[in-house]
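Residue numbering begins at 1 within each chain, and the chains themselves are lettered A, B, C and D in the order written.
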Amino acid sequence: MTVLLLLIAYLAHIAFLPLLFIGLVRWVKARLQGRRGPSLLQPFWDIAKLLRKGETISETATSTFRLAPLASLAAILAVALMVPWLGLPSPIAGDLILAIYLLAAGKFCTSLAALDTGSAFGAIGASREAAISVQAEPALLLGLAALASHARDSRFSALLAPGGGEHTIILALLVGAAAWLCAMAELSRMPIDDPTTHLELTMVHEAMVLENSGRSLALIEYAVALKTVLLLGLVSQILLILAGNQTLAFHYVLSIVLLAASAVALAIAETVMVKLSWRRVPNMLSYAIGASALACLLVAMRG
Amino acid sequence: MTAIVALLPAPLLIAALALFATRLRVVPVLAAILMGIQCAAAAWAWFPILGTPRRQIVEGIGIDSHGALFVLLTTIVVAAAFVHAVAFFEREKLSEHAPSHRQIGQFYFFASLFLIAMYVVILSDNLGYMWIGMEATTLLSAPLVYFHRSSRSLEATWKYVLICSVGIAFGFFGTAVLYAASQQSGALHVGSLSLAALTTHARQLPPGMVRLGFVFLLLGYGTKAGLFPLHNWLPDAHSEAPAPASAILSGSLLNCALVALWRISDLARAAGQQQVVRATLLPMAVLTVITAALFLLRQRDIKRLLAYSSMENVGIMATAIGLGSWSGFALQAVNHSFCKVAVFLLAGNLLQQCGTKNIRDLRGLLTAQPGRTLLLMLGIAAVAGTPPFGSFLAEWRILSFAADKHMPWVVAGLVLSLAMAFIALAMQSLDMALGNKTIKDPTNVRTRFAVSLVLVPVILLLGSLALGVLLPSSVLALLGGGR
Amino acid sequence: MTPQPHLESNLLYALAICWLVAPGVAVFQKANVDRLLGVILAVGSLILLAMGVAAFAYATTNIALPSPFSFAGIPVAFRFDPLAGLFLCVIAVVTGLTVPYLRGYCSHLTDKADMRIFWTALSALLISMPLVALSANALTFLVAWEAMSLTSAMLIATDHSSHSTRRATIVYLSATRLATAFLASGFLWAHALTASWTFADWHLSGTQALGPGVLVLIGLAVKAGSWPFHIWLPIAHPAAPAPVSALMSGVMVKVAIAAIVRLFVLSPAFNHPVFGIVILTIGAISSVWGILFALIQNDLKRLLAYSTVENVGIILMGVGASSLAAHAGLIVAARIALAASLLHVINHAAFKSGLFLGAGTIDMGTGTRNIELLGGLSKRMKATCACFTLAGAAICGLPPLNGFASEWLLYQGFLGASSGAHTPIERFSFMLLIGILALVGALAMACFVKAIGVAFLGRPRTKAAENAHEGDRGMVASQAAFTVTCIVLGLIPPVLLAVLNPIARVAYPGADSVAAAWTLPTPAMLVTLAVTLLAGAAWMARTKATMPERRYITWECGFGALGPRAQVNGTSFVQPIAHTFSVVFQYAESVSIEGESRRLFPDKVTATSTTEPVLETRLYQPVTSMFGWLGDQILHLQEGSIHAYLLTMLITLLILLAIGGAIQ
Amino acid sequence: MGEFHLFESGSAVTVIIGLWMIGITRVPTSLTLYGTQSAVLGLMAMYLGVLRAEPLLVIVGVAVIALKGIAAPAYLLFVAHRLDCRRDDGVSIAPPLQFFGALGALALILLLHPLRAALPESSLPSIGMLLLGMIVMITRRLAISQIVGFLVLENGIFLYTIGQPHTMPIVVEIGVLMDVLAGVMLAGLLAFRISREFESIDVTELKELRG
């Protein structure tokens, strides 16, 4: 019974939280830049507008291009129902490897769609996405594996449980840092790529979705928003291990607060930082791998 | 005694025929038929002796299972060569330097006497008779190598006669030393050259003399067998002789030298000189296999390639002799003779059609002559010791014998050089077979008895294949006598 | 169940007779007989499947051929046990599904090769492979192994007009012959220690197992194509015709792995912890090395061959981890790792064969395998594109498909081993392996996105790609069959694990079944994916009528219609990753600009990137040229002067006398 | 004279003739020297036969004198005359140098420990002859001289056989003699063919078969 209840709760949050999160990030960024900026609900209107518009599709595009947005959204939705990013136990008892590989499946579809249109920029975006995920994916998986080895089980429910052990604070911080860097890479947020840039040559994620318009762009925007909330929710859950075991409601409130805090942090990062040059990105991502490896070493040395 | 007498009539008849009826065109066919009769006679006389432990000595000629095996093998090899020679000489008459009838008559005259000399070497229990037989084989096979009367075959014959005679002279010195040693041992005060007598009184022979005798005999018969430092005559003689002659040389002459080597090392072992055999014959044998494999890497003439492959197989057989495993030696000798004769005959008749021996010019044979080239490739694979054929089992038996005697350097040396030899042979033969046709359309003119050009090699290869798959211990006992 | 040796031996004879008939028909039957031969092969693979299932169902039975058939006293013995049964089934299924492909592909081959040799060699190969998996003693193993190598070499040399095929045949023959040499010496050594030839009697452990074990492992690693000895695989597999390379990559490589599992894990003949570490290390290195080199290949079949090296690495990692964990006492983790590697054997056979058949259809349809000359094939070869993409997704280990199942189980094995291990080094190294496996998974995805994207999607780069034609019905049917197997195998891992359990129990006796380790919520995940996809598709279909769709040129940033050359090709797609890992293959980029003086409008800009296969140029080439040099030097011994020959004889005499004299 | 004393002096004479042959370059002289050497050996064999009351040895001695002393050198002189080869100045080292080389080799045999240990006392002269024969063959150019070298080598072996208390059975002795003579006849024939094929019987011309 509780699974159905959890499912409804998760679906409700999935409906409105992602776009609200994106609205919050844009609103805080506008405020920091001294502008009034659009209202928090602006992303909802954008999606609604896009759903009503017609689509322009390139001549060379085939059915892969049409199916890809839907497939990547399905993959991310499945992960959203698997990862307890809300603080509440997830309706499907998800496994860290399954979640990461499902995200990889989503990337697989978007990359193929980018290559399908035959546009140079889409292909460069796909190639950079692949290069980034070659370093980000192992880092994230290694970090979560450290937690899993600590908890002796690869399911999220056991993984994120605030177990005893004296090193959990350092462990949670290390894995959280690695997860934050990987999230920035996966979502191609500031240090790696500026989401609001218009110069195609520097884009990573935006270049892949250059050709999409109308309904498929709406699906993609929504999927990206959901992925952002999902990954940052996961980061906040890792950090919440520090808080020790609390009652369910307090845990839920804490994770919502942490989500908002991460939205603000994101906005600050995007106003303060300058985009890394593409050749530096691998060096930056190696920090993430270093942090996960340290976490593994810590777990291995616990004696 | 009848067994020995049974071997003589057919070859002498062929010799007489070849000498007097030179003008008759029918000499090759008659020779083939007589050799068939010879095979039947040998089988009738010698097959029952195979596998029986008893050994009967009749004035210096020993009749035992070892001798029987090699008599039968030599007869089959020479018979196969003669049957193939019928079609071979028919084709040869069409080529530009056609041999005259006199030359063909000489070939058969010397070849039949050569066969008798080989019988003498295999069967003689007396070291003196064995030496005379071996020297006779050299002198009688020289005209066979000189068949083409070209400058290259002249050079090959000269080197063959000279090196083998010098080697065999050292062999005779070894025999003399053993004879002297037998005089000094108490029991045989009169001294005797009979191997049986020497083996029974082996312990009383003075060890120093036995070692000296063994070293000289090893040098003598090693030259005839083609062991490593003394092998220089082998590639020249085998590549310049006509196909039937090189088949006989490779298939049976090398075996005779190796039987002599076996008898000597057996004597040395009986005299308690296991150490000198392990220190001289075994390293020479393993070195032979290694250098033969290296030689094979850079060969560009198909008949020299096959000659070096014979040298490699001689090395393997000599290792078996050095280790004292008769069944390994016998199995490898039978398989090698069958396959090598088949391959030499096939190569011979391919060369007749394509006209050149150089591997670089022979390209795309598989498209030109699919049937025969595939047979040649299978033959080469058999000679290189690939499994379905008997030589793999023989090599395996020798290797396991060496491994059980805890001799890692023998096993390592042999296994690596066998692999290298296989790779070298594969490279050269694939160079010939694959690729698109470059040689002009081979003159596949139909001659009489052309079917035997393929029939004989097929039968021989099937024999080796049978030995490779159908080899229960009963057949092994027949061949080997256990050890 | 009562042992049924006569059933299995009858099946063995039936298989032999059936597949001996095929060459007979091929050689003497003049008319086009591909259809008849296809049927014979199909019947043969059915018999093989029956044998495999029988090996699973009944208890382990040993069968020796009757007396005349024996190898110099050593019987020709076969052993039907669950491990052999598994590999028989894999061979049977792959052969059965490739048969329809053969008929279509052979019409393409007939003008270039002698089909009689092709069919004889193929049926001989399909007899020798099961025999290798089944053989019970060293000699039968070596005979079947060498027969397998020779017949596959003949198959590689089918289209022997091109020089590269000839070179591939020779490289392949040399590599397998050296493998046999190592194997033979290892078996001889083991026989010297145990005085028996049957594998079952070999129970060497401790330092005694080291010598023979290392030699046998090297021999098997060469044939399995793992890291230091893999150089022949990317040369030989692409040269073979597509169905043959599918068989070789999908099945023959696995036969060597079967031997590794049998000798080093199941009732281990060579029982020493160092073998677990060695297999684990060469597995890890060959998976990373294989996928990195697969990344930079532009010939589709070479890419797939390197990817075979990677997958062999993953399988060996599983085998190594299981034997290491067993030595450390972690029986559960050991059993999971072994089940993972065997599951990956089945999965790899499924998707790799499908990919190679796809590459074969492309080669036939466009005449080239270089993806830089292809592009936009999905418009003309829809079925092949769909099958290739799904098989590509499976090989990257993406969830709903079968690749993910075996990789997930391998992760579980590593996790179980890392949390249970005693010393910190072991725990850390197992976690490091999880990192390596993740890295390999990400690289595999990049590699296959490139292969699928550059070959199938975008605009055709050449005339050949433009008017490519789809393979005939049989070929597409085969590819589709393999893709469907991938999807089905992805859905039923618990069933597969139950089937693999007897093998795991033979290796590590214990009560609980391996299937219990499968804790993934596959049904729930599938429901969510299916619901979203169906709802989304239904919604898009409904709104398609009301919303007009405009077709326009691709976005070209105002440069004017960019031609197909503007698309990203294979080399530039992997440039960022290749740059990060440039040390592995000496990756170097160079840009040359003509007309530098006119800064903004140069005449010609050429950018080239070079890679160097380090293992070949630094290790194998010097060794082979050294042998060549030795061959040249030894020729000086045969220079033709008789005086030199006589001098050598004299020197030999003196040396022998010295040795004779020295022995007192 | 005692049997042993006779053998000692006889073998000394043959070794000296052998050494002498190495020094000369004219072919006919070396042939005649070979003839005398064989004759000395034949006489020694006859005399030993009489001392040991072995009639067979006497017959062997007579055969050696007749065949190897007279017939073989005569045949080779006829061949040398037909092919008009007079001088054989050797491969690279001048004959006098070869002489000292031969002496050095003989000393080597006597002094080097492992070799000396392997060789019993009675075999030293014949080993010396073997070595001289080989040196003649290795250092001479013409086919005829190579045959002479082989014959000297063969004489060394014959010297060893008659040095033993009991000589070999007559059949073996005669068989060996026949084989050696057949070999010489064959080599002579081949020498004729070489001179026809290569216009000279210089063995160094035979260099075509390599590798």
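The rule is simple: contacts are C-beta pairs under 8 Å (C-beta built on N, C-alpha and C of every residue); 3 or more make two chains touch, one makes a residue touch a chain.
Values in this document were obtained by computation on a predicted structure and should not be read as measured data.
Chains A-C form the pair with the most C-beta pairs in contact.
Centroid analysis (C-alpha atoms only) places D farthest from chain C.
Between chain B and chain D the centroid-to-centroid distance comes to 31 Å (mean Cα coordinates, whole Å). Between the Cα centres of chain B and chain C there is a gap of 44 Å. The centroid of the Cα atoms in chain C and the matching centroid in chain D are 69 Å apart.
The mean-CA centres of chain A and chain C are about 36 angstrom from one another, to the nearest whole unit. For chain C, residues touching at least two other chains, in rising order: 635, 638, 642, 646, 649, 657, 659-661. For chain D, residues that reach two or more other chains under the stated contact definition are 117-119, 134, 137, 146, 203, 206, 208-209, 211. Across the assembly, chain B contributes 158-159, 162, 166, 170, 211-212, 215, 235, 298 as residues in contact with two or more other chains.
Annotation, chain-chain contacts: A-C, B-C, B-D, C-D (touch as defined at the top).
Interface residues of chain B, counted against chain D in their complex, comprise 126, 128-129, 131-132, 135-136, 138-139, 142, 146, 151-152, 154-159, 161-162, 165-166, 169-170, 172-173, 176-177, 179-180, 183, 190-191, 193, 208-209, 211-212, 215, 235-236, 239-240, 298-300, 304. Every residue of chain C that touches chain A in the complex is listed here, in rising order: 375-376, 378-379, 389, 393, 396-400, 404, 407-408, 411-412, 415, 418-419, 424-425, 427-428, 431-432, 434-435, 438-439, 441-443, 445-446, 449-450, 452-454, 457-459, 519-521, 524-525, 528-529, 532-533, 536-537, 540, 543, 547-557, 562, 564, 566-568, 572-577, 580. Within the complex, the chain D residues that touch chain B are 117-120, 122-123, 126, 130, 134, 137, 143, 146, 150, 153-154, 156-157, 160-161, 164-166, 168-169, 171-172, 175-176, 179, 182-183, 186-187, 190, 193-194, 197-198, 203, 206, 208-209, 211. Chain contact summary for the complex, chain B toward chain C: residues 158-159, 162-163, 166-167, 170, 211-212, 214-216, 218-219, 223, 229-230, 232-233, 235, 275-276, 279-280, 291, 294-295, 297-298, 327, 331, 366-367, 370, 374, 381, 386-388, 392-394, 396-397, 399-400, 403-404, 406, 411-412, 415-416, 418-420, 422-424, 426-427, 430-431, 434-436, 469-473, 476.
Considering their complex, residues 67-73, 114, 116-117, 139, 142-143, 146-147, 150, 157, 160-161, 163, 165-166, 169-170, 173-174, 177-178, 180-181, 184-185, 188-189, 191-192, 195, 627-628, 630-632, 634-635, 637-638, 642, 645-646, 648-649, 651-653, 656-657, 659-661, 663 of chain C touch chain B.
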